[in-house]
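Before anything else, here is the set of structures, which you'll find just below.
You will see chain A twice below: alongside chain B first, and alongside chain C after that.
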Partner chain A sequence: MSALTTDINDADPSDGSAPLVDRRIRARQLTVLLLLLLLVTSILSLTTGASSASLWNALTDLAAGRDLSTMDRVVLLDIRLPRLCMGILVGASLAVSGAVMQGLFRNPLADPGIVGVSAGAGLAAICAIVLGSLLPSAIQQFLGTALVPIAAFLGGWGSTILLYRVSTRGGQTSVATMLLAGIALGALAGAASGVLVYYSDDSQLRDLTFWGMGSLAGATWTKVLAALPIIGLALAAAPFLARGLNGMALGEAAAGHIGIAVQRVKNTAILSVAGATGAAVAVSGGIGFIGIVVPHLLRLATGPDHHSLLPNAALLGASLLLGADMIARVVVAPAELPIGIITAILGAPVFLWILLNRRGNLGL
Partner chain B sequence: MITSLEARNISVKLGGKEVLHGVDFTARSGKVTAIVGPNGSGKTTLLRAMTGEVPHHGQVSINGVDVASLQPWQLAAIRAVQPQSSTIAFPFTVLEIVRLGLSAGLSAADSSVPLQALACVGLGSFAGRMYQDLSGGEQQRVQLARVITQVWEPIVDNVPRWLILDEPVASLDIGHQFTVMDLARSYAARGGGVVAVMHDLNLTAMFADHVVLMQAGQVAATGSPAQVLTNETLASTYGCPIPVNTTPPAEMPFLLPQARAALAIQPGE
Partner chain C sequence: MTLSSSFSAGLKAAGALALCALLPVQAVQAEEPSRIVSIGGAVTEIVYALGQEDRLVARDTTSNFPAKAAALPNVGYARALSPEGVLSVDPDLILASEGSGPPETLAVLKQAGVTYVEVPEIYSAAGVIAKIQTVADALDQSEAGQALITQVSDELSAAQALAQKTAGDSPKRVLFVLSTQAGRITASGTGTGADGIITMAGAVNAISEFEGYKQLTDEAIAAAAPDVILAMDRGGDHGLTKDSIQSLPALMLTPAAQNGELIRMDGALLLQFGPRAASAVKDLSQAIYGAAQ
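Let's turn to the complex of A and B:
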């Protein structure tokens, strides 16, 4: 009993008696706010652009029973709406993949971009851009513009499986090995891309730059429908990972001791990240930093509980990417910037900020 | 009904070298069983083999059931394991860490158990603090609260549950060493099983019912503290003379280590 009283006296009254805030309630309130934010950014995204087509005019036309003007129809339904859907899918996918990877690696700096999944997907895409013309013409005609996205998707999957093979021994995945293997894979992909640049002509070079920076500009309903099932499946798996990822924060052994099937959580997490990242890179190129910035901001706001972190990350990731896309569309209008430039300008300082705040505390 | 934790013929190889050589181990529910021994004798390795953290040969059973036949969640329902040290990757609060011990984790319905467990380890007022801001000893007690939360009732459906503790008092001051060991005692007194790797032989003598003394990957002696903690076994196991005395009322052994130089000039030699 004496020990107990000592402790209460030991506690520093300034922070020892910190009020017991239930962060679960704040997280639910935040979910509502983020839904509203996504609604607002979606409407803005539909009304923003180089063309004068107006959502408002289109809606009044519809309300009055008139047909949409051809221009409104094309701009809104065939350009901006698929672009909006792709932005939501890709933003949610990048943010949730980042949060899942970070939970799995117990490290807030882990990201599909870091473990080499994006690099593998990117390398395959660059190969397709530069070397695609070497394929038999029948295959080229059959695949058409789908060649690069398909290659990116396969590259993402392939590099994940390779990483997984390298870092898994006897059914146990070593997180440190996987991070280091990811760095090696990233370096290899970078070198190979460098070599390929020498073999590319001017128009291919422009494609490479554009693709490497990422963009939602090429959004079509075909691409949206191609990415939807894979990203949808990966996002649907996320809620089932929440408890496992929370447990993993204690360490793999301790997670097992509280009843979590650790290897199953790892397998599911790796597969869903590979699928979501591969699909996202395939349709929109390499868009960086969403996967690091979004989960970090949410952990600051409502804590690291993955039950709320994962759905909120999907919502904030989607809004953030739509916002970045609007900036990319208007700053140099009528041309547009690759969206990766915007996300890097917003994200790199946050990345550095995390790094500085965690100096000396970057446990692998 | 078997209500013990048993390990049969446990061998462990680490880095190509066999560090446990066919160890047999039995702990009974309702008792505190301490594993003691010098550094490198295999105490923690034995514990990790029994919790499945290191690959091993041999069989481990809890309450008569082979643990290899149980799923992680089935095992978690009958035994909780406190790690030696634990760093947490993300900014969880103390209460959130303890709530991870509930079977549904952080999505569990509200329960008073985590707060009671925190009060048991003397951290009742720490629930809203950030785990990362606590001292090592406080973090160790938070982990203990989490582990106790997991197996809060010592007996469920007439089956005992188990607390497995790896050096539970390693970084605690003497007052909190007693808080923690009292907790372990009372868990055993209410019918649960407790297995703890211990360094402090005096605390072991005070709180353990059964002692397993390890030496060089084998069991050197087992029995009650009075049977195991003797001048001869301790001198041969630890390689230095450790005079054992006894203290009333129950003739409990206690050790008062002295410098070799002091022993060498004892009068009468």
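Let's turn to the complex of A and C:
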């Protein structure tokens, strides 16, 4: 935990690894590398898929002023490109949210779910899937396929606000209360979901299962455009959190003493995480693991300074999710695996291996 | 219905013949979908029954009959289709049973100019006929479709009539057990394929209190008092056996367990309501009431 203090007063990192300046340079080099990685995975993601559509054919067609073939147009512009954008948005928001939550709660196990987003979003999505047909048909017509994402977002956001209200007294948010209340809310949401699962029919049950495993397959421009402002705003807020989160590593009281507006950091962190995760879960279902594994990998590589951790997490999270998505769509082609399975299968062993090799060097 | 539709079918055939005579053959063939993705076990079976399997390019996970169908590329689970996966087999027609999706995928497929035909899913004899009619229309096979409909509806009426006669005035109560996870019984209520086939086989579904498949308490099963327990055959020792129904507390109080009346049947045959529905009715009726009567 002490290693988080580095940025505050330029003291030497207490874990005695690389000198601070070295670490900053390494973090910056890593940012460049991760940008390149994201570029490469993005191009690969546009060129990989079950169909024969080809980016190069499309580009040469465009260069020669010809119209794209229907296959190229639909697959590239309506399937792969929105999917790429959604993968970047979702991967970045899950990874950054994870890093912010771990910093705020000073707990290496924290993930976005800890502020109740996942439980609330999950419950609302189940409600929408199972009870959606009870809505007046005019509303059903109007919302169409947007019903589940909208419900998930409102549910995630709503449960975070509820938790926040529960754990805030006299303008002071108790992080410990929020953690515990989150567990209680999670249990409640789980029970309510159980009741709905009991009353769901077979096909709804299959929908619920697939929703829980997450997928980028349903990516459409509508979803991307709906998620973009929310996730964009939340990610834009992240750099302003870096100094505050670094200070919070000392503990709330100490952070206050060195001039950090603790309550404002908490407010910004909780609201931006609720927004980013809520939107991500809404458009792609439950994708686990990114929020835990990405921040930890980066802390191992370049230390716990949030100034570099947050942007690097966004880049690595996006690349990782794009990579997992490419595997998801080709491994059983022409069918497709839910992406949550891939992120766990790939992420968990790598994560364990790194933990075993670098034990005691987690920086948290 | 038969007279007017066979008349119009005749007209269509005559028209098609006239067109063939006038136009180059390729022009007519080019309009017919020749790269078909079939979603749903019954839909695939109907395509084979109409002799149109050469036009299939892919199928979904549930399309396992006839066995040859399994050799086709599999586009995955019907309710979780991937748009690019389906497009990758370059289809010009998608024949999908009701409820396939998700809607986002269907929207993209329609955008790509692929014709999408939804095949209704109704658990009755009329439902089987409606399925065949829809598929035959989509494949432009009115004659073969009509022949298959006549054949299947004759078989179905015969099988149902025989089943009713066998059942007589005292139809047996049948409990369809979907699974026995950890000793808890999940059984079929109303509105399911199991409910439909039990009724068609001249028996009564022992559970009429709820819709769909649900877990039951042991007491509710005892109160339902089924004469026969019906389960899907998973091969080998899986699922229920005569021994297990007599030792499961949930089932041992029922007349079915006391008399050892357990029927295990191929789930796809039993629940798909395709062209083989008549033989499912016949097999089930025989299994319930015995062949001798």
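We take it that the second predicted complex is superposed on the first by the 323 of 364 C-alpha atoms of A that agree within 3 Å, B and C clash if a C-alpha of one lies under 4 Å from a C-alpha of the other, contacts with A are read in each partner's own complex, and residues count from 1 in each chain.
As a convention for this text, a residue touches a chain if its C-beta (ideal position, glycine included) is under 8 Å from a C-beta of that chain, and two chains touch if they have at least 3 such contacts.
The shown structure was predicted, so the numbers you read here are calculated from the model rather than taken from an experiment.
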| item | value |
| --- | --- |
| Contacts of A:P304 with chain B and chain C, given as first, second, both or neither | first |
| Touched partner set for A:G49, first chain B, second chain C, both or neither | second |
| Partner chain(s) touched by A:D201 [first = chain B, second = chain C, both, neither] | second |
| Contact breadth on chain A, by residue count: chain C or chain B | B |
| Partner chain(s) touched by A:N107 [first = chain B, second = chain C, both, neither] | first |
| Touched partner set for A:H257, first chain B, second chain C, both or neither | first |
| First (chain B), second (chain C), both or neither touched by A:N57 | neither |
| Residues of chain C that touch chain A when the two form their complex | 58, 61, 73-77, 79-80, 82-90, 99, 102-105, 107-108, 111-113, 211-215 |
| Touching residues on chain A, where the partner in the complex is chain B | 2-4, 6-8, 11, 15-21, 23-24, 106-108, 170, 242-243, 246-247, 249-251, 253-254, 256-262, 299, 303-305, 307, 363 |
| Sites on chain B touched by chain A in the complex | 51-53, 55, 71-77, 79-81, 83, 86-93, 95-97, 100-101, 103-107, 119, 122-129, 133, 150, 175-176, 178-179 |
| Chain C contact footprint on chain A (complex, rising order) | 49-53, 70-71, 74-75, 78-80, 144-145, 198, 201-203, 206-207, 210, 215, 217-220, 329, 332-336, 338 |
